[in-house]
Every structure is written in structure tokens, then in C-alpha cells.
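Look at the two complexes coming up: subunit A is in both, with subunit B in one and subunit C in the other.
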Partner chain A sequence: MSEAELVEGAGAFPQDVAEFEAVTGPPRSLWSDAWRELRANRLFVASATFILVFFIMALFPTLFTDADPRHCLLSRSALPPDSIAWFGYDLQGCDYLARTVHGARVSILIGLSVTTFAVLIALALGSAAGFYGGLVDTLVSRATDVMFAIPTLLGGIVILSVLESRGLKEVSLVLIVVGWPTMVRLMRSSVISTREADYIDAARTLGATDWRIITRHILPNSIAPVIVYATITIGVIISAEAALSFLGIGLQRPAISWGLMINTAQTRFHTSPHLLYFPGAFLSVTVFSFILMGDALRDALDPKLK
Partner chain B sequence: MGRYALRRLFHFIPVFFFATFLVYALVFAMPGDPIRALAGEKPVNAATLEAMRERFNLNDPLLIQYVKYIKGVFTGDLGTNFAQRPVWDILSQRIPTTVRLAIVAFSYEAILGVLAGVLAGLKRKGFMDMLVAVSTVSIISIPIFVLAYLAQYALGVQLGWFAVSYNANEWTSLILPALVLGSTSLAYIARLTRTSLAETLRADYVRTATAKGLSRRRVVGIHALRNSMIPVVTFLAVDIGSLMGGAIITEGVFNVPGIGREVFAAIKSQEGTVVVGIVVFLVVIFMVSNLIVDFLYAALDPRIRYE
Partner chain C sequence: MTTMDAQATVGGRPVDPTAPLLAVDDLHVEFRTADGIVQAVNGVSYTLREGETLAILGESGSGKSVSAHALMGIIDSPPGFITHGTAKFRGVNLFDLPEDERRRIRGSRMAMVFQDALTALNPVFTVGWQISEMFRQHEGMSKSKARERSIGLMERVGIPSARERVDSYPHEFSGGMRQRVMIAMALALDPDILIADEPTTALDVTVQAQIMRLLADLQQETGMGMILITHDLGVIAEVADNVAVMYAGRIVESGTLRDVFTKPAHPYTLGLMHSIPRADQKGERLEPIIGSPPDLLHIPSGCSFHPRCPYARQPECSTRVPDAHVVTGGRTSACHFWQEVQNG
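On to the complex of A and B.
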């Protein structure tokens, strides 16, 4: 609003709350404000649509393909795409479209579960460390320091190589172990910047317990950066699972995972590039959608950018 | 300044011991008996096995093993692998290659990343901004192993611009792996620079500088850029560590005989001492780069003082 407009509008400036609301509508929270902005953001709508499609793919793969991903005939090994099998066949002669579609389940499942657990850890440890400070803070901060000093991928590989079996549960667990520190640090700093607010002092003066202050005042006001980061993390975790499976140290056959498919494709890439392209493209688009959505959320939730 | 450095150093001491112990414990908790695996199918007499276990301290409790190991590290002895080759020997052979790869990747990602970020950040919602925004998210989204194969195939095999895999006699064969290795960080640097510059450009002191009648070039180049570089420099310094340790996939795809490929092979063959040796090296790199960040902070932002 330019200065001239401000001066002109000054006479009509609302005098009390009722009048003010008559002009602006009822008061809106940060979240409902963000929601209005997000609906108008084309990138957000696009990424949300993609994510929805991948969710449906993970829940009901048969909507997208009626071929059985485990029905394989060696006679059609690595055949290129044709009008019946749109994505061609893999080395074992399984329908590649079916395998690619069924691969969505593992990625979405691991991405969501790992991120959920990491967020829960962050909410517990991050708010405890940020709110109480002192010994709790020192312990939590030093623990994250130690985890940061070990390279992420390397740490994941070392832990996985120790485990006897590497199924969905083990891979998720390892990704939670290497993924929590960043999230905890973020939550901690967010809580620290909220802790000093006047409304926290007000709540305490009114006799609110620590539990009430944390759950009713601190968490709702400090969770926004964590939500943004968590959305991006889903994409990063999906990519990390694929990397571990690609290295042959994550999920093992007969699991169907995009990382495993690319692992098989690597030796045959020059003769049968479709083996790399399809799972690679699905994987990239999934990760892309989550990162884009996180970006849109940040733009909507960060008042500094308004 | 000296006291500050010392305090930071003290801060890292427990981090060093905990991180290395954690990895040591994990590595030596690996299932299976590495000494037995060494013998393969051949029968071994019990006395030889026992002697080997004794030599590698495998009979001691874990904590004692670790203390013996870390004592060795401080006297420059990283132990030997099971074939009697000193770990330091392996490391000193692999490190130069990884460092060369990291230097090429680092310089390209830093220069291009900051350039793209500045162009995007100067005008929010402009064409460059949108271009950089979409292309960086795309690069980040493509997993590095997919990117590596695509680059190898398109730029190496099809167009023939770069060597397809590493060749020790030609340093130019490092360009393609470095392009792939640095691509993700390049995207992060561009995004960081963009947000940071866009935010700084709205600061009061930037408006003051403009109001004083300084040229746009001076306002951006001297006043805004310097301050907006702080998060970027932090990222760059920390990235040195991840370039050295995160090259497991890239070194594998392009057949570069560096630390990343070595550590992966060592994990698979249960060469515990080699794995731990490399991790110790990477933890040290991490701590040094973090110390550098702390000092760079103050150099870039005059408001930050060492107490």
C-alpha cells in the first residue's frame, strides 16, 4: 500500500474490533492465512496433485496396472516398451509398468513413517531442550553434535551392514537414526525463539503448568519450520532409501523398490535404458513433488517473506 | 580470539570421542567372525585363529579395544588391515584422489551456485528467479545415482565430451564425476544465496545505502552481498566434509579409487580397522571445517564478536 493510500484511508480507519472485522472479515490464524495463499499457488496445487496420485498408487496399485509384478517370463527378458507393456520388461521378464507402480508403496511408506517418527522425536527432544535449557539442553545438543560428525550415508551403511536382516522395518529404523538430529536442532531453535514471547510470560503468570505452556502455546507457535522441513524430508528420505537399496545394502529382493530396480538396471543401462528411465523418473518426480510442496509451505508460513 | 579457538576446540573433544566410539562399536559388532571369514573354506587351526584375534585385540572387551585403538591413532598408528597392510598406507593412497575430486566439485559448485543465486535473488519472482527455483529443485530431486548414469551416458558416451570413467593419468577425467558430485550442493547453494540475498535486500541498512545515493552495483556488491553470504559460507565449509565422505556413490559409478569406494568395499569385506580409520579421518575433517565456519562468521559480519 502506498503512502498516499494510507493517508486517504485514515479517516475510515475502524475504531473497534467489530468494525474492524466488518472490513477485514473474521480474524485469520497464520494457518488459515497460509491455506488461502497455498490454494492460489500453482506450484503447490501441482505438487499436491502429484503427491495425491502417488498416494493412490501406493494404496491401490491395481488401479494403474492389471499386470502381476511377480509374474515373470524369462523369454521376454529386458524387452523394450511396446503397446502391451508400456514400460517394457525387466531382466527377469516381469512387466515393468507393474513393478514401477507397485514400487510406489515402499517409497511412500518409508518416507511417511520415517518422517513421522523423526518429527515426534523432534517434538519431544527439541521442545524439552529448548524450553528447559540447562542439563537437558546440553545432553540433547551434544548428542546431535555427535550424530552430525558422522557422514549420513556412511552412518546408514555401517548400521545396515551390522543388521542381520534388512526389511522395511530395519531400513526405516536406520533412516530415523540418521535423520532425527537436524529435525531436533530445528525444533529446539524454534522453541527458543518462542520461549521469550510475552504471551508465554502471561500464561505463566496465570499459573499455567509447564505441560500446558508447551502443548498449548509453545508447540503451535514453533512448529511451522518443522512442518516445512518435514515435508521436504519425506522427499529426501525416499531418495535415501533408494540410494541404500541401489547400493545393495537397503531393501533386499523380493521387495519391489525403485532403488532396487535401478540397482539391477545399472549393468544393462547401455543396452536397455528403459530399465533406468522409468523407476528413475518416478523416483525423481515423487521427490520433486515433496520438495516443491515444502517450498510452497515455507513461502506461505514465513512472515519474513511476505 | 585465541581463547575462543581453544574453547571451540574443547567443545569438539567429546564429540570426537563419542562419534568415533559409536562407529567403532558398530563396526566391531558386525555379525560373523572376520578372522574366520578371512580363511574362507580352508580349515584353520585354532592356534592361528587365536593368535590373529590376539593381534587385532579382538579378545578384549569393546571399551578396552577402543582405548587401545584410539591411543594408536594419537601416535599416528591407525593399525593394519587383516592382510597386514597399514591402514595409513591405504588412506594416504586414496586421500589425494578424493581431495582432487572434491576440489574440482567444490570450486564449480561454489562459483556457479553463488552466481545463479545472486541472479535469482536480485529480482524476486523475475524470470531468472523462477528458472533457478525450478532447475535447482529438479537437480535436488534426481537421486545422485540416476544423475550419475544419465550424465555418464549423455555427456560421456553419446556426446563424448568427457571421459566416461576415471583415468589416473588424465586429470580431465575427474570433471564428469565432479560435475555429478557437486550438483546437489550447487542447487542448495543457489537456493541459499537466493533467499539470503532477497532477505538482505530488504534490510534497513540496504535502504539507507540506497538513500545515500550509492549505485545499485555498490549497494548489492558491498553492502548486501557480504552479509547475505554468511549462511552460504557456513554451508560451503560444512560441505567440504560431505564432499569427502559423500562420494561413495559417485566414486563407485565412475570408478574413482578414492576414500568413498574404499570405505564401501571395506564395510562389505568387514575390514573394521579400515572403516574406522576412514571415519576418524572424516570426523576430523568435519571438525576442522566447522572451526573454519566459526571464524569466517566474524570475518563476514562485523556485528559478531568473539567474546
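On to the complex of A and C.
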């Protein structure tokens, strides 16, 4: 189809066409724009690299160590790092590198699963409360208020201390229970501000159903702050798990967790500091990476901060 | 395309073939806010026929947009309530229909074009996706077929290189082109009624004329009835058949474009005419209407225009709400002294 044909046939005007042709390059969506910006952000690249390494470590720990973390010889108890065992041995004489590497799995698993569930709860409750308002909003908001009254860690301690077995499932569940309210609040307020947009009214005048308005118009436009917060939350949850395990009410041995390792290390810090350094460093870098990544995402996704 | 069967009903109810396309009668809309009741629309009546353009003229806060939103059924309730009145679409009262039926009518039988297409288009989807959504949602069309229809529609509303632009995002379009996209969406399913809410206010003057011409052309093609909401007398002069002038939630004067513009029968209309520059009155002073539009929380008693009206006389104007006096056939003025106004 020639341009002349179009101009004549459709009533477009020459200056309009000229202006139109001036727009060049491939279509740019919000997400592709954000991705372009993220790739140029060194902090994002660094944090993403670290997170990727930790993910691989969680999925395939044998790529990083040949040693069996549960093969322990008491004769090697608390030996410092050497050329064979780079991280030394723990009190039971297990290879400390192997244990540290295998500890990534628990942290990543808990961080991801807790955050995923909290986000799902936020998507359901937050968007329902924000979109429908009224009674739904009141119920959801008061429920989050009640949960807010319980501090994350303290709430976790109370619930976990009455549970008999404390495995991955129980710890995750408790962290979900105390972790969802912030996310729901964030989602709700984001939905409320999106709901006022003209394109929501426009979609309504064009006959869209509530379900379509929520899934096609509201969620894609209100999810960005939740993604940012969720990324940071992964880090926060990982440190919360470590804190609970360190306090002795999180995971229990024989589970391998950075928090448990730090717990054991605290009494031996003066004689065997390597027991604290390695899991401590891994934990800090993981948490830090997620928080850094959340910051980078916020810069890229929130046009108001640009 | 709607079939004959679908044309014979509105919201599943049989239509009255003799009834006008749209008849709004004594519409009242109020917003119950913490500060009190805002009476946004206070008894608006008008009729729209096929192929006709009715311009609703008024300042901001005159209730012109609210009355349109009430027709479309998109007033948030609470706080907004339609307290009285009917809106009959070919004899079927829209306000009697269940929400689900009204939703089906929206988009397919009546559609709306918004003022600012940048904010009225979803920023995260391509324009092609958004136009396709109309076919997919209402007619269950497949993705690829809907896309082809969208390209055709974009060409019809004058978007050049539609095939290349179909995958662009709203922010990549100029204001005029965005408004064309919005019009394409509204006209996708050949509605019988199009409500254009200040469709050109956000655009440059040159682009304004193009968009108005496009709307007029499309209306001729499809024979739809159009309600044009605007505060711009110039825009009205170009395309409207009939004009209804609104003030403080009431229609103060209505009639054909020619009658209302050449011989206003309400002091407010007269004031509007005098407050814009005109080519045929060069060198004359513009006379603005003194004062400002009333606060809809506290509408003046009697004729709501009386505090600003040079013709106002006590006690009639501040005590009695003027009826819509018939000036000539099809022409009304809600002024106690309309004869005086017309005779200068």
C-alpha cells in the first residue's frame, strides 16, 4: 500500500504523516525500556550476576564442590582453611565449603517460595480491595492492620516456638503468615491509584468486564512497585530465616542452613573465626544483592524517579 | 457488524421502532460527598436521532461530562447516584437494565471517545492489541483475525502505515494519531451512538479540525448519532446539528445550531457569544460573563444563572426556577425573560 493512497483514502494530512514518519526505531514498551536501562546499570548487572551464581549454587551445588557436606570426620574438627579444604572444616569435621555451598539451597528456596506466596496473596487480596473498595476493602485492610501489629521476627519466634517439628515447610509458612500484609497494602494502594486512570474508564465504556479490566488494565499497570518490593523481600526473608535458625527456632539440624552455621560459629569465634566468616559473607552478599537489585528495578520501573 | 436480530433488541429487550435513537428525560445525578451533596445534573432532557450530532455546550462543572458518564453507566457509585430520570435507547430505558446487559451495550451499541487519548489508552499494550481487544472481547474473534481487522480500522481512521504502526505503543504516537486510535476503538463495533467527550481539547488547533472532520466523515458513513461534549464554540459550529447549552447541571437553551448561534434566547448563551472573538466583529470589545460558575454544593436559588445575569429581575429570578419555554418548534430557553433577550 503506497503512502499516497493512504493519505488520500483515509483523510490523513501531510504534516501528520511527516510527524509520524519521524518516529523511528522498533516499538518501545515500558518493559523493554526498563530492560534497556537495567542493562546499562552496573549495580544491577553486579547484583544480577551474584544472584545468578547463588541460584546455580542452589540448583547444582556439585558444580562448586566435590565434597559431601555430610561426610564428616571428627579428627578434622574446626581445622582452618587449607589448600584442600578452602573453607576449612566445621566442628564435626565436615568440609565447610561444601556445607556453605549446600546452604544456599535453603536460603534461596525459602526466600523465593515465601515471596512468591506473599505476592500471590497480595495480587488476590490487594487488587480485590483496591478495585472494589467498600466492604471488601474494609475487611482486607483491617485484616492487614491486625497482622501488622505482629512484628515479623517476633511473630515468627512465637509461632515457631509452639510448633513441634520445624522444617523448611513450617519456617516458610510462618514467614508467609507474618510477611504478607505489607505486600497486600502496597498492591492495594497501587491498584487504587491505577483505578483512577482514564484508560480504566475508557475500557469500561468499551464494554470490558471487571475481570478483564483487572487482569489486562489494572494489574500490568500496578504491578511494578510490587515487583520492586518483592525483590527486596527475597533478601529480607533470607535474612529472617537465618535469624530464626541462628536463634535456634528456625530450621533444625541436620538441615544445612547459613543461619544454623552462624549459630554454631558464635561460641567458637575467637578460636575458629572462619566458621563465622564464610556463611556470614555468603548470607550478606545474597541479601545485599537482592536489595540492590530491588533498588535498580525501582529506578528503572518508576518513571517518576527518572 | 451487528445483525438484524441484534438491532431489534437493546439489552435483550425488544425496541420500539418509532422511538428516537436516544431520549434522555429529566436526568438527575448527584454525588454524595463528605462536604455535602453535589448536584451535578439537575433535570437534563434531550433527544438524539440517527445521523444527528447533538452538541452539549458548557463550562467545566456544568454537568455535561457527568451526564454523559451517567448514560454510559460509568459513574462510580458511591459517591455518584442517578436519582431520577430515564435514558431510553430506542425506547428501552438503559437505567432499568442489569449491569451485565449494560456492559454488553457499552462498546458495541454505544461508545465513548475521551478528551486525552494519552491517558485513555493503556500504556503497557500496543495500540493494535488494544483495538483487537474490542473484537476479541465482544465477538470472540481469533487473535490474528482481530489484528487484521484492527489494521483495517486504523487505515479507516487515517493512520498512515497502519501495518507498521499496529505494534507501536500509545506514547510513540502524536496527540492527533492517538485520538485516531481512540476513535478506531470506539467505532470498532459500529456503535449506534458515539459520545465524544471533549475529543479535541487536548489537541493543537490544526489537528482539532482534522479530528472533527474525521468524526463527521465517519458519522456520515455509519449513520450513528453523536453527542459532542465541548466548551469550544468553534468546534460546535463546524459539525453540530443541534446544540444544548448547559449551566449548573441544567440545559438552559437548546435548538438547532443556526437558531442558537444567530439568535440566542438565554442570557448565558448570549454571554458566551459575546465572550469569544469573532471574525465578523473585529475591533469590538469582548464582554466576559461576570462572576464565575456556581459551586455545585450551593446552587443559587431560582434560576441558577441569576447572580451573573444582566437581565435578572427580582423577585422572579431568585425565587422561581424557569421552565423550558418553547421559543419556536424544537427550540427552548429556560429564561423568564427570553423574549427580551432575543429582542436585545
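As a working rule, the second predicted complex is superposed on the first by the 280 of 306 C-alpha atoms of A that agree within 3 Å, B and C clash if a C-alpha of one lies under 4 Å from a C-alpha of the other, contacts with A are read in each partner's own complex, and residues count from 1 in each chain.
Following the convention adopted for this analysis, a residue touches a chain if its C-beta (ideal position, glycine included) is under 8 Å from a C-beta of that chain, and two chains touch if they have at least 3 such contacts.
Remember, predicted model here, so these are calculated numbers, not experimental data.
Contact with subunit C, but none with subunit B, is seen for A:L30 once the two complexes are overlaid on the shared chain.
In the superposed model, A:T205 lies in contact with subunit C only, and not with subunit B.
After overlaying the two complexes on the shared chain, residue contacts for A:A197 are found with subunit C alone; subunit B is out of touch. Looking at the shared chain after the overlay, A:P220 reaches subunit C, while subunit B stays out of its contact range. Touch criterion not met for A:L123: it reaches neither subunit B nor subunit C. In the superposition on chain A, no contact is made by A:M293 with either subunit B or subunit C. Judged by the touch definition given at the top, the superposed model places A:S239 against subunit B, while subunit C stays out of reach. Across the interface of their complex, subunit A is touched by residues 14-16, 18-19, 22-23, 26-27, 29-31, 133, 137-138, 140-146, 149-150, 153, 157, 198-199, 241-242, 245-246, 248-249, 252-253, 263-264, 267-268, 275, 279, 282-283, 286-287 of subunit B. Put simply, subunit A touches subunit C in their complex at residues 1, 3, 6-7, 9-13, 15-17, 19-21, 23, 27-31, 197-199, 201-209, 212, 216-217, 220-221.
Those residues of subunit C whose C-beta lies close enough to touch subunit A in the complex are 69, 72, 74, 103-108, 111-112, 114, 116, 119-126, 133-134, 137-138, 155-163, 165, 167-169, 171-174, 176-177, 182, 185-186, 195, 206-207, 210, 213-214, 217. Only residues 142, 145-155, 157-159, 161-162, 164, 235, 239, 242-243, 246-247, 262, 266, 269-270, 273, 276, 280, 283-285, 287-288, 291-292, 295, 304-305 of subunit A touch subunit B when the two sit together in their complex.
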